[in-house]
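The structure under discussion is supplied below as structure tokens; questions concerning it will follow.
So that you can tell them apart, the chains are marked A, B, C and D in the order they are listed, and the count of residues begins at 1 in each.
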């Protein structure tokens, strides 16, 4: 139906929708030649692949957030999704769906609080489920691992801090909240097979939580795996596929563990920087400052020469090492002040590098270090990258 | 969530809602023939003034050029001075996951529009553009443009780009994301 | 009570509020000398005066807006108030209260819509009333005169466009919505004494609406006062005190009317620009591009050399004329790209000039044109100025 | 809306809420003495390293300087490198209608805080700052600073500035507006 048919149809109906419809009808304008009206449609994004990347802009503790769907192959924006204050963006089913945990108020930044999970189809960007949860999300500058899907995508979990520490369990098959599971003084959520999820505790141990569909759980602490004065950054790398946890401290020491249904297996810590580099003040720094290419076992660490306790200031370099041996493979100069990095999991990997201050995503060839694209204008302070881990 | 994008669905929805809410007070009964049809025609600025302007590209980041007046190009649809955008106020959907004629995924194409006549320097013709807003998401933010070629004040709403033109969008979400610029007619 | 007493008090109570309270308690830290804890308080803004100015940043059609309370005497930010999409900010009682008309959704930019009025005390910035209204606000880039208080501050009114044109009447004494009053194809709201409000209609006439407390109204059209091809800008100047309406068209012709309980009295239109200036392409341009100092009858018009139909692009100059005679008094060069201007109503008036792109408010001496202050960082795209009209 | 700003009111509220919601599971019962009191003490970084830094002012707009490390000044409380702001992440309330120790009008002072020890170059002393968030309004936006001197990861929450420290604020509004930097102790 064209605009030109519209007016007569409205007249036939004998009732028209007020001024809005009136203004709309003016488009049926006989002083113009009756050429075909261009077809108007709604886009659908192509299916997710291993180079799909989502950039989240929560601003700086702002009430609204925006999630940009970007095709990393060509740095094209495919669409956007809305979120509330300090959201968690999770990808499941090889990137075919996205779950966002939201917090929203009914009087802008006051009034009644509403926490809820929205599930999106990553092609249509339509909401496929809206799940109410208790108003307990732990609101921090976004730590991506403070909410997680289970390894089988059947459950989603989020952390509560106050009034008591707990983990909220959500059933994504039934689309309903299950239970708040009480926990001790532990943080982050790393899923392991067979309905296990791990947390990292203040004392330096890992806590394994085995839960059933009703939210009953048994909890077991591992040994303490790092000393008290080795401060582990807020954004470790964790693969839901390999269940490998890779965790730098403020000085560039990397702790690693394999998290299984049976328990945590810790590797010997490795050092990214030589003694000489440490003397030259090389340290990690940024937000998501570590990423791993699983198949080749290459570890990428965002770093720069810097003072102590500047662990969140962006960096301009990436050190690439063998994650098993610590062997230095290469060093990349990014030529931008980068807050977050993430590498794709295919066999021709790209390294995505996000600058919050420049509101720009840069794409590099992960092997050659060559810059191959960028996407600018990503909101106010974008600093979160989310990639489909289980693609390819 | 269903995706009915045809005019039929949207207009039927709008009409039903109007019928329910306004009762005896239909639009035609209210405003008579004032707004509808031929009386509006002489007001549309189709004088092709676009060709006569001495000025430069209109881009929000280039106020000197914008102030000089509208001078369109036909090469880059994502630039603010692309000819179809002569009266756009907002974000070009082509930069947001849509195209010049399609809305980004997950948004809702409003059946209502404002209009402008834009001169295409490529073929020397002037076309009627019916700007349609894509609704139901926060402002896209990409490719923000404020063009006002032939734009009229709000008391001539069908030519006003300051209005959130989401009337009749899905769920009645009166929230602006971006704008598409389809051609719906040609100056005869 | 100091932080140091807090811990013992909590212990006495025998119950403490989880991790949040625990972290809070760590402030009670005996390794530090027990010096007095600094007193922590809540600010209250000084009483409003004639140099108070409110800057509204609705972004560019964004979901959240911010209203900055600024002391124009010294360009100091006194506080902020939150608002939703495309809010109307109204000042009453000599600036002692502020009413904001809001639109908000429960799923960010989707879902259930809620329209409501919040009334604020302009000293404490506390909400003193929250009034529900029908979800009918006409959402446009903010036109300040599309909502208004009555001249006696007893009522507030807002415009609806779809599904039928109407004006919503709100009783600010009872804090409740009264009625949607049907109107013809007219726009803007200019209050006049004795429960009258005027609108401007498509045909070029003014509509006087006389309403009672129940929202019953009688409506009378004035004569047509401007030709069809004289396009009146979206932001005229109107004084709730003098009831004088001052309305430029795109080319710098000024229409004026006095709006009384009896009807609209129109003045002869005046031209701001000479024929020579018109040939040199001087035209008005900006958002709030006209303001009047009531006592001296000085009219300020934001203008620049420009092409046709660039009426919303900012300007760098202000033309000052006698609003009765059209006599040119002076011309100010602002040296910034200004979107909106407003003059204070005291006898040493300041001219506030707002740049949306620079997110900065500039303050000028209205008489000498000297720049005397600025306030930067006012959000994303601030372009609305609101001043207490009835101060001094 | 009442303005109870005393600790008593806020803590009583928090305690009542906890009592209502958590039942048997009081904080002390849950975490034992682990978090409370003396066991935390050795962890607080009060080594006055601030004085030893070779680096420059930390300002979000000056990343080179920020990366070099913390070097505080005691002249301009609205600048990010003012000594009290050594571990602030957010907006300085002094720029938002508040002061260094008072919240802007209409906000709510949270009774909870994170802490840091900051070196004052004016008197050569190191002070304990208990950063307190003012809550219940959108982010102020003015004077945005991200300082991390002595800042610890989230598993040491009492030293973490990434948390929205609005626990116990009025109406339980967990929404961040700005931060004040009161002195609550002095390195002895």
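Definition applied: a residue touches a chain if its C-beta (ideal position, glycine included) is under 8 Å from a C-beta of that chain, and two chains touch if they have at least 3 such contacts.
Please read all numbers here as calculations on a predicted model, not as lab measurements.
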Message: For chain A versus chain C, what separation do you get between their C-alpha means, in angstrom?
response: 39
- prompt: Roughly how far is chain C from chain D, going centre to centre by Cα mean, in whole Å?
  reply: 35
Field: Between chain D and chain B, distance of the C-alpha-averaged centres to the nearest whole Å
entry: 48
Statement: CA centroids of chain A and chain D: separation to the nearest Å works out as 27
Multi-chain contact residues (two or more partners), chain B: 14, 17-18, 22, 27, 30-31, 35, 137-138, 157, 167, 177
Message: Using the touch definition from the top, which residues of chain C touch two or more other chains?
response: 17-21, 62-64, 82, 108-110, 127, 161-165, 185
- request: Sort the chain contact graph into one of these: line, ring, star, complete or other.
  value: other
- prompt: Taking all chains into account, which pairs touch?
  reply: A-B, A-C, A-D, B-C, C-D
- request: State the interface residues of chain B toward chain A in the complex, per the touch definition above.
  value: 1, 3, 5-8, 11, 14-15, 17-19, 22, 26-28, 30-31, 35-38, 40-41, 44, 46, 95-99, 101-107, 109, 111-115, 127-128, 130, 132, 137-138, 140-142, 157-158, 167-168, 177, 180, 182-188
- request: Using the touch definition up top, name the residues of chain C that touch chain D in the complex.
  value: 1-3, 5-7, 9-10, 13-27, 29-35, 37-45, 64, 66, 69, 77-82, 120, 123-127, 377, 379
Message: Looking at the complex, which residues from chain A come into contact with chain D?
response: 59-63, 85-86, 103, 105, 108-111, 113, 138-141, 143, 161-165, 182, 184-188, 200-203, 228, 231-234, 285, 304-315, 337, 357
Field: chain C-touching residues of chain B, taken from the complex the two chains share
entry: 14, 17-18, 21-22, 25, 27, 30-31, 34-35, 43, 49, 53-55, 58, 60, 63, 66-70, 89-90, 136-139, 144, 146, 148-157, 160, 162-164, 166-167, 171-177
Task: Show which residues of chain A lie in contact with chain C when the two form their complex.
output: 17-21, 62-64, 82-84, 102, 104, 106-110, 114, 118, 130, 161-165, 185, 380
